[in-house]
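First chain A sits with chain B, and in the next complex the same chain sits with chain C.
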Partner chain A sequence: MGRLIRVITSRLVQGFVVALAVASLTFVVVNVTPGDLALQIAVARHDLESVTPAMVEQIRKEEGLEGPVMRRYFRWLARTLRFDLGCSLVNGRPVGEELIHRFSYTARLAGAGLLVSFLLAVPLGIASGIRPGRGVDRFSELLSSVLTALPSFVIGVFFVLVFAIKLHWLPAAGFTGIRHMVLPALTLGIGLAALSTRIVATAVADVRSRFYYRFARMKGLGGMHLILRHGIKNAAIPVLTLLGIQFAHLLDGAVVIETLFAWPGMGRFLLEGILARDIPVVQGAGLLIGFTYVAVNMAVDVLCVALSPSRNPGEAPP
Partner chain B sequence: MKKRMLEVNDLTVRAPGPTGGKILVDGIDLVIRQGGLFTLIGETGSGKSIVAQALTGTLPEELSPSGRVCFDGVDILRLSAHERRSLWGRKLFLLPQEPERALDPTMKVAAQVEEIFKVLRYSSRRKAREETRRLFARLGLSASNEGRRYPCQLSGGMNQRVLFAMALASPANFIVADEPTKGLDPLLKRRVTDLLGELNRLGKTVFCITHDLLVARRLGGNLAVMFRTRIVEKGPAEIVLERPSHPYTQGLFQALPENGLHPIPARMLQEMQGV
Partner chain C sequence: MSRSRSILSRNIRLSTGLTLISVVVALSASGPLLEHRALDQNLDQRLKAPSVQMPFGTDALGRNILARLASGGVNSLVLSSLCVTASLIIGVLLGLTSGWLTGSLLDKSLLRLVDIAMAFPGLLLALLLAGLLGGGPAVVAVALIFTGWTDYFRLARSLTVVGRTAPYVEAGRLSGFSGFFLLRRYILPKVLPHLSVLATLGMGKTILYISSLGFLGIGLAPPKPEWGAMIAESLPYMRQAPHAIIAPAGAIFLTILGFYLTGQALARNAGRQGAA
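Take a look at the complex of A and B:
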């Protein structure tokens, strides 16, 4: 039990550090890019012809874009620590509310994508791992390398061409019903499954080669009992650890896939924020992504500890 | 006379190769009766482990055995791989050398014993737990303390005893122990040897393979000495150990620390090879 608490506290501290680093980095990046921010905001709110120098100066004052960089940084940091992410520079709406709304869309897409990848990777990975080097294994290995090499937008465009434009089975873009989720979730899930199938296969093959697995067989165990009690549980540890790492890919992928399928999630929100140089949006989205990443990794570590209290999280089986 | 549990006739194992291949085990004959205790002693490379593998059906596929290994009236050399596997845990139990590698690292040790009761004896969960507790107590372990730990949290000796609890839990009556004392310190070695004797007293037929004369002496029962692929001497342990008749067995005795640690002369070994 003590180990579990240690893992959680260390992850919480880590989460705080990551959040601080992410926030500071986005602040730095946004501030070192060339160009006058106040002018760009003015252009974004009105249009190029009607902007006057007076309007730019007013925006500079209102949005706190004046004064030395360090003072602006600490002022912003103090606000962020109170969970006040500020308002969008473009439309003036609070970033926090918008983020929560957008996050719920990304979470739905990510959940569906993970489900797809699990449904593909677990059975295929186990089938490959049980007979390494045989037909199923060769096939899944080839498929994985091809799919890993293909960027997700290629897979996505292919799906849109086939299922939306040619066959008219599913909508190409939008977010009004579950039908809209099928293509983006498939695109995301297949991209994830390409890697996780191999990880599952390797983990299963590794457990099967261990002496405790053979001994469990010599004890007279077999069939589903052997696979469930001695196989899956041991193989799950490296797979779960990978899942945490894959989450980064999931969030990266979300930007591409959300843009492709016009899905109103965090990824697109971040992208729109970056294009409009909407600092509070970029910082808020960056923070939330960083936090989510740390939270998922903490969940993975806790699960690994629960599965095997004998080991430190992330450590390979002996 | 008790019924014959295991009868080995003219067991020969060849490694693959030209001109019939190298002979690894040459014409072994053995009889082990039900409830008996049998020790096969020999040096590394004498072929004793190959004999154990032939007995348990774990012989590597490329080795071709001939002869007969009748186990409970069935010649296991004639069985398919699947049929041989069906004997594991039901008719024979292989006690492995290294408990740390044999136990599942992510499962509490008591649960690893309980599952034998549940799967192989169809016991209820409660009965399995009760029986495991009893076995643990008999072996000096506590089911509520050590039983709730993972293998890596226990000492080598405790894990060793968990394996013995598994052997006792198993419905198999024939226990094959391949070098059970390998790499153990003298104290632990004596304990493990005594546990093997305990298994035998509790009704299991025990077949022990060792290179250690002291283990063989402490175990008692019947003994066969293996030297360069052949059995050179066999009989009740006390007689073979008291009055060894084969020069190799005599040499082994001279090599014991309490007998002066005399190495077996190379000349003697060369002569014996011609036998």
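Take a look at the complex of A and C:
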């Protein structure tokens, strides 16, 4: 139990620090770069012609944008920690609503990408790990060397050139049907599989060399039962640990892939916010991405503690 | 048998990697000579397919793609070497100090700082920093160093924590040698082979980040050529002129592959030395 609590607290602290860092960064940007946030909010709410100085002052008061720097900073932090994200400076819509909408698109893309990478990496990784150094292993090693050197936008552009432009099989961009999801999901999944194939292979090869596995073989177990019961279960811990790293690749890839395929997800929302200097959008998307990342890592930590056979000293065996 | 085979495959990796890096460096070395051609627009020559005069054809503004590749290569290579060197120096100095003073306040605060830098996926962090602070080479460099130093820090720290309790280090400490001397004489040589691996792989990763940032429209400002930005600029013309995309995509791929293969070969070498 002790380990579990420690793992969860440290991730919760990390989540809090992420919120603090995003809020501080956006605050610095608002205060250092030229431009008046109150004026920008006023223009977003009404329109450029009808804004009067009185309205700007009104908004400055309402939004807590006046007073000494430190007071404004703490107000800004408090608002962020209450998830009061405000409205977009570009179209005046509430950032929170838009985020939920965008998040669902990214989740769909991520789910499909993970599925693709799972379907590729698990069979190929197991086949490589069972016979290290042989043909399949060397092939998958070469393949993942090549694929890790390909940025996701290069893979994506290649797919668009071949499948959308040359062969006309699939649409190049958009988000209306399942057909639109094939190319982005493949791009994301192949990039992820490059890494996870090797992780699975190493984990399987490691388990294979362990004593309990050799013992199970000596008992006369063989084939699928041996691999599933003694192999996969024990190989799962390193694979899970690296799932956290995988997730970082997934989020990094999402920004690039969503931009390339015009997929209306969270990553593209963040990029649009950055390019338009739409601070509330940047803040909202940054917070959500950071929290998702920390939450996934927390889940991975908890699963690892739960799967790990080693216990704390002094704790009764189950 | 299997051993000689693994050495062979390591040498193939190393030689392929080094060849690719040399080709890219040689191409980029001609970049400064081709600088004006990389920016010269010629609207009669838009989106021309590769020919003898223009080995990689021209882009949407009739600019010579080969010259742009070379010129973009200089920018990417110089910027990423700077970032890797700076991250390495910062990471190693802090890592050695932190590992030597394990458990101290400094060590604890540095570990917290690493936690913060790693609480966000690398490219997104660089995107957020570089994008909000306004782009340009200096800002991109700061963002990449901030995301990059943690790897070197963690490696140097963990090797120092292990190394400081070794008998010969203890003996040195009892003989009255300073911590600085012991770190430099006994710990640093253990860290260096691993660092060369990490730095080579780091070059590949940094080039990947720079080109991704360029592709997303953040980074080195146009019209200065950048490989990722060249792809983004040519996307609307991918039907008429796929070569304008394939050329920079190939350059990115081969450069990163070169660094990764070299790094992997060095990693096996370091692993073998460590095992021996």
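General observations
As a working rule, the second predicted complex is superposed on the first by the 254 of 318 C-alpha atoms of A that agree within 3 Å, B and C clash if a C-alpha of one lies under 4 Å from a C-alpha of the other, contacts with A are read in each partner's own complex, and residues count from 1 in each chain.
The working rule: contacts are C-beta pairs under 8 Å (C-beta built on N, C-alpha and C of every residue); 3 or more make two chains touch, one makes a residue touch a chain.
Computed from a predicted structure; not experimentally measured.
Judged by the touch definition given at the top, the superposed model places A:119 against neither chain B nor chain C.
When the shared chain is aligned, chain B comes close enough to touch A:307, but chain C does not.
In the superposition on chain A, A:81 makes contact with neither chain B nor chain C. Residue contacts after overlaying the shared chain place A:4 against neither chain B nor chain C.
In the superposition on chain A, no contact is made by A:69 with either chain B or chain C.
Once the two complexes are laid over each other on the shared chain, residue contacts for A:14 go to chain C alone; chain B is not touched. Ranking chain B and chain C by residues of chain A touched puts C first. On chain A, the patch touched by chain B and the patch touched by chain C do not overlap at any residue. Taken together, the chain C residues at the contact with chain A in this complex read 2, 5-6, 9, 13, 112, 115-116, 119-124, 127-129, 131-134, 204, 208, 211-212, 215-218, 228, 231, 235, 238-239, 242, 245-246, 249, 252-253, 256-257, 260-261, 264. Against chain A, the residues of chain B that register as touching in their complex are 56, 58, 85, 88-90, 93-94, 96, 98, 101-107, 115-116, 119-120, 150-153, 166, 170, 172.
On the chain A side of its complex with chain B, the touching residues are 210-213, 215-222, 225, 229-230, 233-234, 237, 307-311, 317-318. For chain A in complex with chain C, the touching residues are 14-15, 17-18, 21, 25-26, 29, 33, 133, 138, 145-146, 148-154, 157-158, 160-161, 165, 247-249, 251-252, 255-256, 259-260, 267, 270-271, 274-275, 282, 286, 289-290, 293-294.
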